[in-house]
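There are structures below to look over.
Two complexes follow with chain A in common, the first pairing it with chain B and the second with chain C.
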Partner chain A sequence: MLKGEGMTKQKYDTSLVDELIEGEWPSFIADLKQLGERKPQVEQLLGQMNQSYKDLWNYWQGTVLNVDGYGGGVIARYSELSDEYPDIAQFHTIRIIPPSGWVYSTETLRELCDIWDKHGAGIIQLHGMTGDILLLGTDNKSTYEAAEDLMEHGWDLGGSGGALRTLSCCVGEARCEMACFDTIDLTTHLTNTFISQLHRPEFPYKYKFKLSGCANDCSCSMQRSDMPIIGTWRGPMQIDQEEVAKFVQENGSDYVVENVITRCPTDCIQLKDNQIIVDDDNCVRCMHCINVMHKALKPGKDRGATILLGGKRTLKIGDTMSSVLVPFIKLETEADYKKLTDLVERIWDFWGENGMDHERVGEFINRIGLAAFLEGIGLEPDPQMIKHPTTSPYIKFEELSAPKIDGEPVHDPAIRNEEVESVESV
Partner chain B sequence: MAFEVNGVTYETDEDGYLANIDQWNEDAAKWLAEDEGVDMSESHWEVVNFLREYYEEYRIAPMIRILTKAIGKKLGKEKGNTKYLYELYPGGPAKQACKIAGLPKPTGCV
Partner chain C sequence: MSATAKKMAPRDNGAPDYKKNLHPVMVENYGKWDYHEKLRPGVLVHVSTSGEKLFTVRAGSTRTLSVDKIRLICDIADRYCQGHLRFTSRANIEFLLANESDVDPCIKAINEELGFPVGGTGHSISNVTHTQGWMHCNLPGTDAAGSVKALMDELYSDFITDNNLPARVKITASCCSINCGGQADIAINLQHHHPPVTKPEGVSICELPKVVAICPVAAIRPRQENGGSTTLEVVEEKCMYCGACHGQCPTMEIRDAETDTLSIWLGGKTASTRSGPSFMKLAVWGLPNNAPRWPEVGEAVKRILEVYRNSAKKYERMGEWVERIGWKNFFDLTGFPFTKYHIDYSESSRNTFNTSSHVRL
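Let's look at the complex of A and B:
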């Protein structure tokens, strides 16, 4: 059916949302209208949406709804216009943990569609911002029935509220040659290890993991998770000079200089006599050169991941990206996994004990300072944790501070005894 | 909405939480528990009483961690976790136990 064509007569005004059908791209409004022909709640959903556009007001009212034994997984919404739109008086969303890496068989998808067509409005979002499968549009009673049906088919509810949220990862080693660790395996491992924290909220606020196999960060972990785990490697990257020569021959050296050499953020790559030379000590593993010359260049052989911490959207403080917590960790054996989960538990303990209500871990670190946080979780400071050098010239070093009037004796630190170097020659 | 126990009328909001928190008493708690399908044992009362005490002092519901720690201290470490609380209150300590204790409705997902 063509967009917007063949609609039966409408009960509700949808003139404003209809604008979204226009244009070249597929429109969810067109899809919802089609669905609305057999699902009255979807028709009314569009009606209320149009009303919201007109009045510039959101008519959803949040509430709490739990499936027995679960503290989250259902995003419950009441409509404030239930007199006009009775079938969306309750219009909840169920979050479902997707398979790690988001790989499905068509049979699984059909099964999921059938379950949701039976219990809900038939709207499925693959995937929400959280990485969950979102099943939209159900009332109180159907929520329980749907949850039961879903669990019988092997699905489980995802996280919501002050809990560990559903994990998400890139497809990793399953289909990508860039991956530096098995993202799918680790995601499944973390989900199973921390399933209690996922189902039963116990944190000051949400905690998200996202796993990416390399710095291309296909799971957008840097911006969208509290604890990104991003694949990287130690030592030299792999270079196949024959493939380099072929690439230069095919594309010309100008192309290589313009698109690879000059784009290196740390200027650590050179092209000499149709060969690539990399200063690996200064390489920041950004993946750009590897992406462009993917046959010739590859991540190094000693692979692992960097663990970062503190990414979030605006809440108590503005948007933050995560910063480095553990520069490099191997993620191959069970002992490696144990090291990671132990660290995570120490973070949860310290943050849970000292964090304020609705305070993300990044905001918590911002409030108490990284030094105090590292001491709290028992991790040694490392130069790689520094985001950038300080920009304020007013630094107070304890050993350089003015002598105290009474109390400790004053002693000159070594640095003061050194002669000041002449600046004239510069 | 409202319900009546022993001749006293208790106003509630649309989800059944007590409208007037100071009106709470054991009769109301028992009625609310029955309405939730919770059979109140001594362990159940321990949670409810802790919630009441905490609320009277701080005028907010405790964070879940404070609740689990307090229960763990009182009843032993193996009970100081969310799993134990959900066994008592399958609907969740925040939603169900707070409702029976007469505390205000917890806020939603965000």
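Let's look at the complex of A and C:
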């Protein structure tokens, strides 16, 4: 692009992306066009995007760029069309750890805007799919300068690559009556406890935590994280029968039967004489009845969380849901937190030692089996971990594997305990 | 001052202090919330056991925001929200208000000064979560932010109302077959249709063992060229066009502007409510990658939504509804064709067959 006196500013063709300005939903193109008036790189970004829209082709290449002391956090891109769009020849994203629960003061947000306006293209995404603040648009030099400025102001880079990724959580006890543990505090605690693992990739592949205060799972933890921590409770749920009667009065008993009673997955709730009766031993804490009648029904008082493991999106073995690892853990005291972080470290040690390159912990468990995994991390099997016992009769019972003669196990000479490594060693 | 003389800023700061960012009413009532009510679409009130109230006005945002726009958002939060706001996992902005009298002026400011709609609560279509697309990803076959904007224009009325649908409908959009968009009631994903084609510059820029190892179906193997150099070959019958190798090695080009298409997946759910979490299933395939507004995708999504709206029971999420009425009825009601490509062919495919005599006649 030509700059300077007497030269006309080059106009980039944005005719296709301009078609995304109209319509009732707010347009990011309109917003970026305005920003492009004072940021040439944004104008050129829209130019390149328009080219993509025209060719149905992408023009970003990935590369690696690290800030001193960090092994991740910068998503580096360079443009294949830098001749036409020189100001986005290097156009990187910096991932930043947000305040847990994504609650901000305007002071915090304005500070972030000022830093990014100074060093970058001034585009911020709130937030990326993992939960990071994404700052879009710097070249190599500005990346270093922006990172120093951000860290001087107390911010920190998010995770990328084979590392702990930036954590995210629901709003929890800050604004929700359903929350069964302090999601925001624990998210901050885990982030800060494991900050080195977040910044320096040392795992076989990525590891994500997401924390939800109840089974409604507002952080989408079940399938979007390796280790969901989901709030639950022990013992009876709280029932306010006066509020139940009020709800039945307002909505009618047919409504309650159709929308609450018949929807219970374990058939453990009944409506009798305008009162709710719950078989608490059979309640799986799914939250549906509480969601519908949330003034009358509430989670029980002895609260904590269920820890699950192994969720991920498609690559490579297909989607996996997380599965139960610890049915219940209290998360109130420092000692409770320590129990959790100890368990996490045992998992990372075992997976780190035995996992293959690019193997998520769920894929690792699929490969070696849940039973072997539990042995590896020192956790007892629990029937809550499975839907049902195995249906295959072919099982290696360790205690029963050797044939016995006169009560003593005797190995048939034809059976070897280990594979022979080479002919020479026989 | 030279670069070397400058002291490095502190490292490993960790997460910002959440306590400094919480709304004062949140601080006061932390862990003491009693119940909440929906006052109207997009407006919630949370009531503490102390009787104190916090009002929330939820607005749909574009996720990708200029710093100028964020400053305007902050202006509104300073005026009505005691300077505090939050974001949801679906890129909605939640303006947090201590005073009920500020709700109306706040909504007016959001609509007029930001051009953002208020809604996305209850049984609505909330903001679509999506990936980077052509704005900043190195692998995309389509855009995401653009297709989401076009789609939300079509679904706008279901964002600003919250009782015209049986349950909430979560939508995601992904720009390649890695599907970073995640599980959703309705997911729009890109589909590749042939094995990766090696770019002319060759595979020498990549770590070959890693490319071989990342293939989930062991379709990639090294091949010795006549000159002695090593290249990679792909076994076409094994390759399932996932593009895992493309992420590992940019020269394994899986995308094709001529042949890539979009497909629609149904019934993903991550909450453990009622039936528990579920994966989404293929519903519609072969939609054109038709930038800039992808009208065929919008039409298909609306067709599914209309049938769902009229046929599902209250509180029944998309997947639970299809589970109850059966896929036969789904295809009959929507008019989308059921084809051999809808039948799973993976190792565990038998788990997806109808292994009973239950049929709908």
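Following the convention adopted for this analysis, the second predicted complex is superposed on the first by the 376 of 426 C-alpha atoms of A that agree within 3 Å, B and C clash if a C-alpha of one lies under 4 Å from a C-alpha of the other, contacts with A are read in each partner's own complex, and residues count from 1 in each chain.
Throughout what follows, a residue touches a chain if its C-beta (ideal position, glycine included) is under 8 Å from a C-beta of that chain, and two chains touch if they have at least 3 such contacts.
Predicted model only: the values in this text are computed from it and were never measured.
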| item | value |
| --- | --- |
| Simultaneous placement of chain C and chain B on chain A, clash or fit | fit |
| Touching partner for A:V64 - first (chain B), second (chain C), both, neither | first |
| Chain C versus chain B, contacts on chain A by residue | C |
| Partner chain(s) touched by A:I184 [first = chain B, second = chain C, both, neither] | second |
| First (chain B), second (chain C), both or neither touched by A:T108 | second |
| Contacts of A:E202 with chain B and chain C, given as first, second, both or neither | first |
| Touched partner set for A:I75, first chain B, second chain C, both or neither | both |
| Chain B versus chain C as contact partner of A:S142, first or second or both or neither | neither |
| Touched partner set for A:G161, first chain B, second chain C, both or neither | first |
| Chain B versus chain C as contact partner of A:D357, first or second or both or neither | both |
| Minimum Cα separation, chain C to chain B, after superposition on A (Å) | 6 |
| Common ground on chain A, meaning residues reached by chain C in one complex and by chain B in the other | 62, 68-70, 75, 196, 357 |
| Chain B residues within the chain A interface of the complex | 14-15, 63-65, 68, 81-83, 85-86, 90-96, 105-110 |
| Residue ranges of chain A touching chain C (in the complex, touch as defined) | 16-17, 19-20, 22-29, 31-32, 34-35, 42, 45, 48-49, 52-53, 55-62, 68-70, 75, 77, 91, 93, 97-110, 112-114, 116-117, 122-127, 129, 131, 136, 147-152, 154-156, 167-168, 170-171, 173-177, 179, 182, 184-185, 187-188, 191-192, 195-196, 199, 215-224, 230, 258-259, 263-265, 284-288, 291-292, 294-295, 313-319, 321, 356-358 |
| Residue numbers on chain A that touch chain B, as the complex places them | 62-64, 66, 68-72, 75-76, 78, 160-162, 196, 200-204, 352-353, 357 |
| In the complex, chain C residues that touch chain A | 6, 8-18, 20-23, 26, 30-31, 33-36, 46, 54, 56, 60-71, 73-74, 77-78, 83-89, 91, 93, 96, 114-117, 129, 131, 134-143, 145-146, 149-150, 152-153, 156, 159, 177-183, 210, 213-216, 242, 244, 247-248, 250, 255, 257, 260, 268, 270-277, 279, 289, 291-293, 313-315, 346 |
